[in-house]
Structure formats: structure tokens, C-alpha cells
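Note that the chains are named A, B, C, D and E in the order they appear, and that numbering of residues resets to 1 at the start of each chain.
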Amino acid sequence: MKQVELRNVSKSYDGKSQVLKGIDVTINPGEFFVLVGPSGCGKSTMLRMIAGLEEISGGDLYIGDVYSNHSPPSKRNLSMVFQNYALYPHLTVEQNILFGLHTKKITKAEQKKRCNETAEMLGLSELLKRKPRQLSGGQRQRVALARSIVTHAPICLMDEPLSNLDAKLRSKMRSEIRQIQKRLGITMIYVTHDQTEAMTMADRMMILHHGQVQQIGGPIDIYNFPSNTFVASFIGAPPMNLSQVSFRDREIVLDDHRAISISEEMARSIPIEERIIAGIRSEHIKLAKGGKVSFYAEAVNVEVLGTETLITFITGNKQWIAKWSGQWNISIGEKLPLYIDCADLYLFKQETGECIWHQSNRHDQYSLKEAIF
Amino acid sequence: MSITRKIVLYSLLTLSVLFMMFPIFYAFMISFMQGGEILRGNLIPDSFTFANYQSAFEKVPLFQYLWNSFYVSAVVMIGQLIVSSLAAYAFVFMSFKGRDFIFFVFISTMMIPWEATMVPNFITVQKLGWLNSYSSLTIPFFALAFGTFLLRQQFKTIPKELFEASQVAGISRFRFFWNVVLPVSKTSLITLGIYSFLTTWNMYLWPLLVTNNESVRTVQIGLKQLQSQEISTEWGVVMAAVVVVILPTLILLFIGQKRLQNGLTQGAIK
Amino acid sequence: MGLLYLSPSIILFGLFLFYPMIRTLYLSFFLTDGQGVPVSFVGFENFTYLFQSASFQKSITATILFVLYTVPLGVILALFFAIIANEKVRGIGFFRTMFSSTMGMSVAASSVIWMFMYNPAIGIFNKLVVALGGSEVQWLLDPKFALLSVAVSTIWMNTGFSFLILLGGLQNIDEHLYENADIAGVSYWYKLRKITVPLLSPTLFFIVTVSLINSFQTFGQIDILTKGGPIESTNVIVYSIYKDAFVNYNVGSASAQATILFFCILFITILQFKLGERKVHYQ
Amino acid sequence: STTGSQTEGESTSGAEAEETSGKQEVVFWHAMSGELETVLNDIAADFNESQDNIEVKPIFQGTYEEALTKFNTVAGTEDAPTIMQVFEVGTKYMIDSGHIQPVQKFIDEDNYDTSQWEKNISNYYTVDGEQYSMPFNSSTPVLIYNKDAFEAAGLDPEKAPMTYSELKDAAKKLTKAEGGETSQYGFSILNYGWFFEELLAEQGGHYVDNENGRAGNATKATFNDDLGLNVFQLISDMHKEGTYYNVGQNWDDMRAAFQSGKMAMYLDSSAGVKAIVDNADFEVGVSYLPIPDDSERNGVIIGGASVWMSSGIAEEKQKAAWEFMKYLTTPEVQAEWHVKTGYFAINPAAYDQDLVTQEWAKYPQLKVTVDQLRDTKTNTATQGALISVFPESRQKVVTAMESLYQGMDPKEALDQAAEETNRALEVANIKQGN
Amino acid sequence: MKQVELRNVSKSYDGKSQVLKGIDVTINPGEFFVLVGPSGCGKSTMLRMIAGLEEISGGDLYIGDVYSNHSPPSKRNLSMVFQNYALYPHLTVEQNILFGLHTKKITKAEQKKRCNETAEMLGLSELLKRKPRQLSGGQRQRVALARSIVTHAPICLMDEPLSNLDAKLRSKMRSEIRQIQKRLGITMIYVTHDQTEAMTMADRMMILHHGQVQQIGGPIDIYNFPSNTFVASFIGAPPMNLSQVSFRDREIVLDDHRAISISEEMARSIPIEERIIAGIRSEHIKLAKGGKVSFYAEAVNVEVLGTETLITFITGNKQWIAKWSGQWNISIGEKLPLYIDCADLYLFKQETGECIWHQSNRHDQYSLKEAIF
């Protein structure tokens, strides 16, 4: 357990364009910290700077309060799991797990012990004598994990470790990694571009875009209170529906003149002159019941997914998606009466994308006690 | 990388390059020296003179030889590319009985010492009436086990789906070979091309055997022609010729180094 | 259908490799006249004579020694160059090109240069030796040195090709494997021993095989540098074949040697595959 | 199937009739490289210009061995050249090949007077009274020494050693050794069978039995007799004494060693003399080959090569070739040849040409080489051995010489070479069906 | 539009083991037919047999009523899209699209026209001059699609065309492909191992396992009425919770003695002597309200995914997952009262896996009319 702190860290490969700009973040000891963002935003770069595999162009890096900008990777006392696992194809699972341990001045017996423990924990005991190519994707993943755990390093870095696995295995490994991290109390810095992974695993997550931090916070907070349009559309599946809007007194008007009435309080908080983007999560576009219709829309695509149904319709020049739970028998072209509660709306400035309004509490947050009684 | 490591690395690199390049450098230097200087074993000429080059070109028709070498190397290169790629294509994209066996037989030809086959080959070429013509210098070398091997490895990296897609689209096998396989394997073809150009350029004994006059002879023979046996050799002139002989291939190599390396590796390890 | 595409190769191989090889095999049972026409059938006499002949035994020794000198040393040298040229530093492209340059050198041209350098009176080697306080060496005339000297020049000539292939092999090794090792903190040598060499083994295997075959078939430099002498110490089999066939007109004997050589190479290559495959780590 | 497939490139193989230009084409294969080729090409060009009917095309075919190999493969076919240059040791081989036309036929037809040729040269190529080929580039070995070094060692630079013991003495004086490091050796011989043969013939020794193979097919080597042993003993002794320098097999290395002062005396071809004198920055002396003390000077065998005429080609072509051969032997051409290359003139009349006398005035050393040849006694020893396996035998002798430097017993080394020669002779005789 | 019919088709590569066994199916003209199953079950093999790229070992194949077992691929008048797209890397997008059209004897002008039309439809018009490597994954996918559309072949085969794309793009392409197929009226045979894809795209789907057909039908039908345990656990995310059970009168007893009471009707239909597996979809494990508790369970993992929460708990030696909509603030270790309606249960024979009981109608199926009024 160790803290990792970045102070105004930046990176440029070629001395001209900046790949990372002014990253300021403190990762707490024992935290599961997820770095998420679209491809090319600089996630790997940041991770590799922490590992010492890439030089830091500007700013300071502290690992456990020690200034570490220039210490070599091996001195940073951390372990790393690579996207392609980076297993040594010519070594057995056991040799892979123990690779490099001798440099830590650990006796053979202790090495053996640790290896067995770790293998046990990850269900690799049967496979110790195999070569990586004789393993399935998930097993390889676990060997890579074991190799990093066995060092007992207090910090572990992972760069998209699950992206080569299929969906089923991925969801299984997600909870395995999470459980091991908690059990061992490792400080975990985990890179992914998959928001489901980020949402389900992170204690806190950081969203990167074009080398800049967009938002740092707990997954649910970020989901509920995205700080800008990028975060809003990046987190959540299907992504938040966004459209440019204008105002008519106590109404928000979409570009095809559909309107949603808003509360007085909300109307007051909106700076009239600004160009505004309104956002609504797909689960908040509801079927209008009992006459409370916001507008009508024609279904252009309907996807029934077992327990929920996704309905696509057009507003202005945008496709919006509504998500209803249950299996809905709706045919394409059918006209739907829809209702949007103005409390579920998000409003963003058009230029900066910054969020200027959202409800302060989600009304679909439950706790057990409330629900039962 | 730390400064000390960099210093160590650069010194190693420099020393190694000095070691590797010295013979070539030496040949260059000698080619600019006058008679006595050479026998005294000087390293740097007292004054640079092109006299040796001049007399090398006067003594043997080096230009003609260079052209012949170039022509022969180019033809062999093209021939090897065509023949080897056809064979490699068959090995990769077609299945027929005994394919693996034939491939093994192909590879085993690498083990046949060329010297052992020279006399029968000479007679064959003579019977074909190819003596003293470019045919004898080129056609026997069109089939090359190494080239077939190299290209086969490359062709194997072409996704099978490309072949299947063209089958579904109704494209003939040959058209697929010509329009897809060859263009896609450009790097390997260039590699093999450079390789065969270099090796052909450097052939000596066979060209001597099958050619009778300067109209088809290659530049390596010219090199030999400048060295005498019973009377003294003019080393300066010979070295000038050496330089003339190696310059084209060195230049080719310098231009194609990167490609050659990539292509050869592909053949070697997959 | 496939055979259609193979036919150019098959015809050419048949005509210019298999036919002569078979003819060689056939002739090895005959005494021939100067033009290589079989005169009288002698059965295995050519072979039995060869195996008794001291000169042929010397040839075999020379060949084996030559292979032993050139293959390991050549591969190690090329590997060394490849390793130092695989670092990513400024100007590395220049060094790579230089290291590969001997691939563009013809045997004839290289041998002439080396002959000059080996010259006992005016060559650079003796100048160096004397300058370092040693006594002059008759590089190509002393049976103790001749084969070694030819081997050294051969290694030089072959380095370019081996270098290129090994460098390519090195560049194919996943960078992450080294990064992982960096994080683990192992030493440079440990990385070399435990990562580089094993992962390069398929490439090494290839280059060793090719070098072996080439080494067995070395001809040009021997012809130019030593002509098989002194006291036949550099009379490797291929050169001996050449001499028997083209100087002494003993085509029968030459054929017998060629046959033996072919089977030796075949045997060693198969052996090499059998032993090597086990030690090689394919990805 | 041999016609029609001629592709690119001018076809100039042997029998190609050049009816179109109206000229007989005479293809002349040779092994003259370097400076020699230039001179040869000049002579051919002059000949071509001197008349309108014949076009001689000299074509370089590699070393003697390579050229012969090639001739061998095309002999008797239409690819064979009209004229073929073959080194002296290939003589017997050519005679046996059955693909050559002895020039005697044209000598007879033409009533050509061969007495104008140097007897000691043409003898070599005469078997059973029949002239087989025409001598062309001929040379003999001579002793070459560094006069400056002689003076420095207190020896008379005008008096070269004539006997083995004189040689040994001079070599001892000439050898400059300091602390195990010899900066100048006394004497050296190229590791080349030819020099051994010459030193043997100089004593009147035979290389093989049956009168050096001239009275019938040779069956056995005789060079390992006492006379041969004399030579080997000399080399062995001097090498042991540290006065003898091993220069290897390469002519250029040998000369480089002499020129750089590495040795003071050595044996070289008469053809090399001029270049040596030119390149040396000291006075160069030339003398006869030394002989054993109790021996009588017998003379040297001619070395070098002769030119042969192919059989099985058109009579007109042969005639044309003969015309060229005659041209080659005219005093003028021979004078030019001698002066420019250092090879002997086949036609001694050449030596009276101004060109030669002027040259001799400049290079008195050249005359010594000619004198040595003229002083040679005509017998089967100096006529040279006639065996088909000469090249192979020479290799064996070379190996034997090289073993001396490794301390092998001279007798043993020589016997081994003889034995191997015997085996080669035996095989050759079997092949010939005897 | 053409029909494809397989009659008792089987396949063996080595003559010994059968990769496909007795496949009997008729794919209707204009239908979007999805072949789904786990890796190695023989999906690709079946598709390739239809395409003519693989020989048929047994049975008959009819394409548009023509016996086609032995006709070459080019004569079957179909097009195919490969998993890795199989674009020719050295040709431009345009050349790729038109590659092979010449064999169909189509004039240059017509080729040009078709190419432009197709490119227009797929939004590739700007990219026609680019090489494949200059395209993003989604664009490549569209080129592959264009290449198959441009042939105007009535049947289109696709082998996992979306598996190389990231989640976002995948969901976009899903609806695009679906829309194009409907517009052009192509008969589509589509292979995937991703059940979401199968569920959302298929008119009908076929589930393959070990080379045998498990079930053929509409996606919702298969989700609601899986014919065996394999289908039940393969379709649906998270998969159906399955456990071996025993019976006590009017109660189903899980192996840790938890019990769920069942209706009389249901009790009657169960053959008592059989060994039975009970299944329940995760959305049917509900929070017990108002005392109607089936059993209590302790949460071992909680994943909050924006609009829904997955709660993992242990029953016997199995992990079960409950899916509740909304964001639930549940901590690990918390005890939950759970309720399972016996009508939501599925019962399977243990030996064969065959479904022996399920409700006849799902109660979370809605149609618009019912819902509004």
C-alpha cells in the first residue's frame, strides 16, 4: 500500500505536441484507481511514466512520498501487467511467475512458497509446468496477474489487461482482479477504454481525453454527475442522448420544435444567452402514461435484449435511444408517446461542453432499508 | 539510457564498424596508390590518383562487363522472382498430393554443392546451344530453393480469407496470384530481389566457364583478368577494379538495407 | 493444378540440380576420361581409395575444422553486432548499414583484399603484429594459421548476411518482455541470457543451419587465398572436388567426394533439425 | 536443337564461320591476364590489320587450369576454339586428348623451316620427332638476387652462387637475424613444382621413367632418386639453418617479399625479370640456377605454354590459324613479345632486332636468361617429362615441399609425392586402356 | 432473396470425428438468420459449407431450390463478409469494392454507378481513394459490407463481422447492418458467438453446440423458452442461474436447504423420481417486500452499472446473480431478503438438460397499447 501522486505532469514524445497535459492526481493507498478514456488519449503513456518506462517531460511524480521522476523502474517497487501479458513464451508458468524474483534477494524456498500460494489463489496450481502457448486466454491473464502479485509490490499497474478476452471471461476476471486487489490491499492503477470495466471495478476513476483530465471521482458519481459532454457520452451504455436546444419560457425546445417543459427553479438557473446542449439518459425517456406526454416519436429501431428493450427514434437530426426494462413488442414505425421529466435533464454549455445544470440527486438510487420498508 | 551506457555502446559500435569496414576502406585507399607505395605497405596514399581506375578501364572493358553483370543480375532477379513465387504460391494456396514431400525435395536442393554439378551442367548448357549467351548465365538460376522458402513463409502470412473472398467473387487462381498475392508481398519480393541480384552479381566460376567473349562476360571475370600469374600484378589497378565491382552492390545494399532486413527475417523465423 | 505452378521450378531443378547430382552419383562408380566420359566401371573403388587416402582424410579434417571455426564464431560475432545495433540510439541506422555491408561484397573482391592484408611482407596484419611487438606470421603459408586465416576472412564475408537476419530476429521480440524485466530489475546479462537468446533461437537456428551449409560449400576464398595449401591444410572437400575434377581430371573421384559431401551435409542438417528443434522456442 | 536457340550476345564460338564478312575467324583461347593480355591483344590486332583474310580473336579463359577445363569440355564440338594455349604440363594430356591437330602437318605442307626456332624450346613440344604444338610464351627459371644486399653482406655482387654450397654460404651471410626475428633471409623458392623439376633437370635427372615418358608411357615417378633428394635436402637444410624463407605459392607474394627486402635471393621466371628490375629500389642481379657441388650443369627445361590447333574444324580455318602462328614466330613479333613480356623469343633471330638490343642494353639481366637457355644441353632430361597427370603430380610435390618447412624428412616427403604420382599414373594408364 | 435449405447436413474434417451432425434447417428468403454458439461449435464450418469453401460430408444443400452440394463458390450467387474483413491491403477502397465485379460481366459504367450508390449508402463516399490501413475499424467493416452489397447477390453470409470492433461501434454497426439487410431484402446468414448480437439482429436464430442444433426460433422465444440448460445459460446476460434441486411437497429445495414454494399445478407436472435442475433468470430474483421472503442471502459482489445493479450471492456451491434496475447502494456482506416467484422458474432434466417446465407466458412482456391504457 503506497500512495502515488502526480503533480502537473506532462509528456511529449517529440518535444512539440503534448500527449499529456498538466495531470494532477493523488492515488490513495489501497485504492483501485481506473484510468479510462478513448484510444490514443494517453492512458498507457501515463501508466508507463509511473512505471518508469517512459521519461517524464514535465511535473513531478511521487511514489509513497518519494520523488521518483528519475528512479529506474526496478527501484519503484511496483509491478505491472501488460495488455498482451508479456509472458515469456519459452518459460513455464512457474518460471514466468518467478521471473526476476532472484533480484529481490528472496530465498529459493520463499520463492517456491510464494509461487505456490499465488498459483493456488489464482487457480493455476495445475498449470505450473505448462508453457504459455498451452494456456487459454484467461489462464494467460492469470499468469500475468500472478507474476505481478508474487513480487508483493505495494503498487500494481495494469494496462488493459482484459481486452484480449471474450465477454464472458472478461466479466469473470473483473471480479477476480477486484477481489484479489482488496484482499492484498494493493494500490491498483488500472487502464482501460471499456467503461463497463471502469464502472464495475473502480473505487475512483479518472477520465482522460486528448491528454487532459476530464473528471476524477467514484463511478456512480461520474455516471450521475458528468462534468461535461465528453464524460456524459463516454460513460453509460447506450450513451447519454445529447441535442442542441433553445429556450422558450419554461420550455426547452429541441431543434425540431419538440418541447419539454421545465421547472421554474431550473428555468432560473439557465443563462438565457448561452447556446445550450441538453442531455438525457436513455433510461429516463419513458413511455408517457396517463396523458403526461412530452412528445411523440416514431421508432426507427427496436432491440429487445431479454430483460430490456432499446428503442431508437429521431429528434431533429439526432438518433436518441430510450431504454425500457422488460420485453416490449414494438414494431418499427410505430408512434410512441414519450415523457421526459425535466429533473432528469442535464444541460451543458455548447462551447466548452461543461455541465451547467443537473439534478442534485438521482431518484433511482436505492438503499436496502428504504426499499424494503 | 544512462550516459555511461551510451558511451560504452557508441564505443563498441564504432570499434566494430572500424573492424568491419577496414578491409573495404583499405581497398579504397590502395586503389588510389601508385606502384611502389603499395609494395611498401602504406595505408594512406601519398597523393590520390585516379590513374589506376583509368588503366583498369583501359585494360578490360569494364563498362561492358558492368553492363553485362547488371543485365544478367537483373534477369536472374526477375526470373527467380517469377519462378520462386509461382512455386511458393502452389505450396501455400493449393493442396495436392505429395505437396510436403515436394517441398522437402526443394529444400534439400540447398545442400547440393554447386561445384559438383558444374560439369554436367556445362554439357547440358552446351547441348542447349546456350554457350556464350545470356541464357546460360541466367536460366539455370531461375529456380531457387531459398527464394521459394522465403516467399512461402511470406505467403503463409496472407490471410486465407483473402483467397476465399476471391473464390466467392469468382476470381481465377492466377488472377488472385497476380493481383493480390504479389502486390501484397511486395516487401518480400524486394528482399528476394536484392538478395538474388547480389548473389548473381558475385558469381564467378560459372560465367567464366560458359562465356567466351566480352560481349556477355561479367565484371567478376574482369577482376580476375587484371591479375596475372607469372608476371607481376598491378595491385593498384586490381583494387581499382575491386572498388568498381563492389560499388554497385554496396550502393544497392545501402539503399535496400532496411527492406532486406525485414524481408529476410520474415523468411527466417516463422 | 498446383503442379502447373511448380513446373518451372521442377523442370529447372531437375535439369540443373537433380540430373547433374544423379549423374555425379553415377560417375562416382567409374573411372572417366578427361572429358568426364565414363571409361571403366570400378564399383566402390573410388570410395575405398578415398577413405584410405591420407589426402582425403586431411580434406575431411580441414572441412570439419573450417566449419567449426566459421560457424560458431561467425554467428557469435554477427549476434554481437546485432545486439549492439539493436539499441535505439541516434545514428543507429548508419551503423546497421555498415554492419550489413559485407553482404554486398563478392567473394572474389573480398578475397583479393584479404589476400593483400595477409601478405606477410606488406600486409596490414603483420604490420600490426610487429607494431605490437610480436613476430611476423606467415598467415596463409603456415599450416597452423592458414585455415584459421581463411576462416577469419570467411567470417568477415558472411557477417553481413547473418547480421541482417539476426537483427531482424531481435526486432521481432516483444518490447514488453524487456519492460517487464526492467520492472523486475534483472541485469543486462540476465536479460540477454534468459530473454534474448531463447527468443532468438528460431532465428539463430535458421542462421546456424544456413551457415553450416554455406561453410561446407566454401570455395571462392580458398581458391584465391590458398589454393588448398599449405600441405593441403585448407584443402576442404569442395576445393578438393574442384581440383580433382577440373585440374586433375579425375571426375570419378571428384564425383565420389561430391556424393560423400552431399550426404554429409544432408546428415548434419537433419541432425541439426532433430537436435535443434528441441532447443528452439517457437512463439 | 543446337541451332536457333542462340540468344542475345554475339556468338563467337570456335567454329562459327564468318562467311558474311569474308574473313576467316580464328578464335584464340588463352590464359594471359593482366599486362600480358594487353600485349597479346596488340599483336593480334596488328596481325588482323596486316592482311584482309583472317580475323584473330584472342579470348581470355581464366587460368591455365580453367582454360584447359573449358577446352576439355568443348573439344571436338563446334564450340572449340581454333587455337588453344595450353601450359607445358598439359602437353601429354593434349596429345592424348585426340582433339588436336599437330602443327607438323602444316610445317610439312608449307615446308616451313623450324630450324629457325630455338631448339631448346621447340624440343619440349616435339614427341617422336613430330612437332605437336607451337611454342608461344616460354620462360625458364633464373636465380635473382639483390646486389645491394650482396654488397652489404660483403659478397661480390657480380658473382652469384653457382653451386649449392656457394648458395648456402651466401645465404648465411645474407641472412640478417636479430633476437629470433629475421629481417632478411638468404634464399627462397616459390612452392611450385616447376622449380623442383628445373633443379632436377639441371642435374640431368628424370622426373619419370621411360626416358621422362618420351620413350613410351611413363609408369613410375623417378624424381625421388638421389638427384631429386639433393634439391629437397638443400631446401630442408637451408630452412633448418634459418636462411630460407617460405614465400608460399603466390608469385606476387614472392616478388613483394623480394622487393621489400625480405629475402636477398630467390628463383623466379625469366618472364618476371623486367618487372622486378623496374620495381626494385635496389640493383637486381640475375644468374643461372645453382647445381649441387659435384654435379655437372645440364640445363633447364622450358616452361610456359604453347599454342595448339584444334582438330575437326574446317581446313581453311586451320590454315588461317597456321598463318597466324607463323606470324607469331616472325622475328619482329617475337622481338616485341620478348621485350614487352619478358618471355623468350622462339625465333632467336628476334634477339638481333634493334628493339631487343636496345632493351638488353637497358636490362643486361635479360641476356643472362637467354644465355642460360642456350647453354642447355639437349636431352630427355631438359626436354621435360611427358605425363598426363602432371598438374596432379605437381600438387603432390608442392605438398612435399611444404612439409619440409614443417620439419619432415626430405626423403620421406619426396617418396610420398612419388608414390602418389605413381598412383595417379596408374589410374591414368587404366583410363587409357593400357 | 433466395431460400437456403440444409437437409441432414454433416461435416467431418478428418473422416473420424463429426464437426457438424444432422443439421436440418430452412432459411427463408429475406430472413435475417443468426447462427450462434460457443467457440468451436461449428458455426464457421456451416457457413463455409453454404459458401462452398468447405466440402459437405453428408446431406444436401439447396440454394434457391437448386441442389448445390458441388457447385463452386462463384456459382452460388452469394456474397460473404469475413471476420477480419479480408480487405485487399494494396487496393483502394473503391478497388476493393469493385474487385471481382468484372467476372460478373458488368460494364465499367454500371460498376462505377453501383460503387457510388453503395458507398453513399454506407457513408464511404469520402474514403473511396484511401487504402484499408488508413481506415478505422468501423470504416473497414463498412468497406467489407459494401463489397458484399455491391455484387447484388441475393444471399449474404457474414462470419462474426463485428467481433473486431469495440463495444460502441459494434452496437452502431448492428443496427446499420440490420437496416441495410431489410432495405435490400437480402437473405442474411450471420454467424456470431455474441448473444447480444444474436438477440438484437436475428429474425430467427439457431443455437449450435458441439455441432448439433440446440434450438431454432425467434430471439425472444428462445430467451423465454430455452429448450435446454445449454440454451438457458448461453442466452441472457448474466446467464440464467441454475442449480440442482430436490422436491419436498409443494416446495423446491436447493442444495443448501433453502426452499421455494411452488404452485399446485406446477407440482403436479413434475415427475418426482427425476433429478432436476431449476433455473431462474437474474432479473426474477427480486428484493422481497412486505414479508414475502423466499430466502435470505449475503451479497458477495455488487456491481452498479449506471441503470442497474448486479448482486452476486452464494446458494449451495453456486454463485447466483440477481439483477435489479436502478443504482443500489449495497455493501458486500449485507444480508438481502430475496423473493422468487415460482412462476418464473424453469425446470430441466438433469441428464439431458431438456426443459420440462416453464411458464407459458412471461409477465414482463408488454405491448404499447396495454401499457398506456
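Assume a contact is a pair of C-beta atoms (placed from the backbone, for glycine too) under 8 Å apart; a residue touches a chain by one contact, two chains touch by 3 or more.
Nothing here was measured: the structure is a model prediction, and the numbers come from that model.
**Student:** By the touch criterion stated at the start, how many steps lie between subunit C and subunit E on the shortest route?
**Tutor:** 2
**Student:** Please give the intersection of the contact partners of subunit A with those of subunit B.
**Tutor:** The common neighbours are C, E.
**Student:** Which chains share more C-beta contacts than any other pair?
**Tutor:** B-C
**Student:** Per the centroid of Cα atoms for each chain, what is the distance between subunit B and subunit C, given in Å?
**Tutor:** 17
**Student:** Could you please state the distance in Å, as a whole number, between where the Cα atoms of subunit D are centred and where those of subunit E are centred?
**Tutor:** Distance between chain centres: 92 Å.
**Student:** Between subunit B and subunit E, what is the separation of their C-alpha centroids in Å?
**Tutor:** The answer is 56 Å.
**Student:** Out of subunit E, which residues touch more than one other chain, so two or more?
**Tutor:** Not one residue in subunit E touches at least two other chains.
**Student:** Please set out, as single numbers or ranges, the residues of subunit C touching at least two other chains.
**Tutor:** 36, 119, 121-122
**Student:** Return the residues of subunit B touching two or more other chains; collapse runs of consecutive numbers into ranges.
**Tutor:** 39-41, 119, 123, 205, 224, 227, 235, in rising order.
**Student:** Could you list each pair of chains that touch one another?
**Tutor:** The list of touching pairs comes to A-C, A-E, B-C, B-D, B-E, C-D.
**Student:** Hey, which residues of subunit D end up touching subunit C in the complex?
**Tutor:** 65-66, 69, 72-73, 75, 93, 96-97, 180-181, 191, 246-250, 253, 256-257, 260, 262, 389, 391-392, 395, 398-399, 402-403, 405-406, 420, 424, 427, 430-431, 433
**Student:** Spell out the residues on subunit C that touch subunit A in their complex, using ranges where they run on.
**Tutor:** Within the complex, subunit C touches subunit A at residues 174, 176-177, 179-187, 194-195, 198-199, 201, 281, 283.
**Student:** So in the complex, the part of subunit B that touches subunit E is made up of which residues?
**Tutor:** Residue list for subunit B touching subunit E: 159, 161-162, 164-171, 179-180, 183-184, 186.
**Student:** Can you tell me which positions in subunit B touch subunit C when the two form their complex?
**Tutor:** Going by the criterion above, the answer is residues 1, 6, 9-10, 12-13, 16-17, 20-24, 26-27, 30, 38-41, 43, 82-84, 86-87, 89-91, 94-96, 99, 102, 106, 108-121, 123-124, 139-140, 142-143, 145, 148, 173, 177, 198, 201-202, 204-205, 220, 223-224, 227, 235, 238-239, 242, 245-246, 249-250, 252-254, 257-258, 260-262, 264-266, 268-269.
**Student:** Quick check on the complex: what are the subunit D residues that touch subunit B?
**Tutor:** Result: residues 1-13, 27, 29, 31-38, 57, 59-64, 66, 69-70, 73-74, 77, 79, 139, 251-252, 255-256, 259-260, 269, 271-272, 275-276, 279, 281, 304, 341-342 of subunit D touch subunit B.
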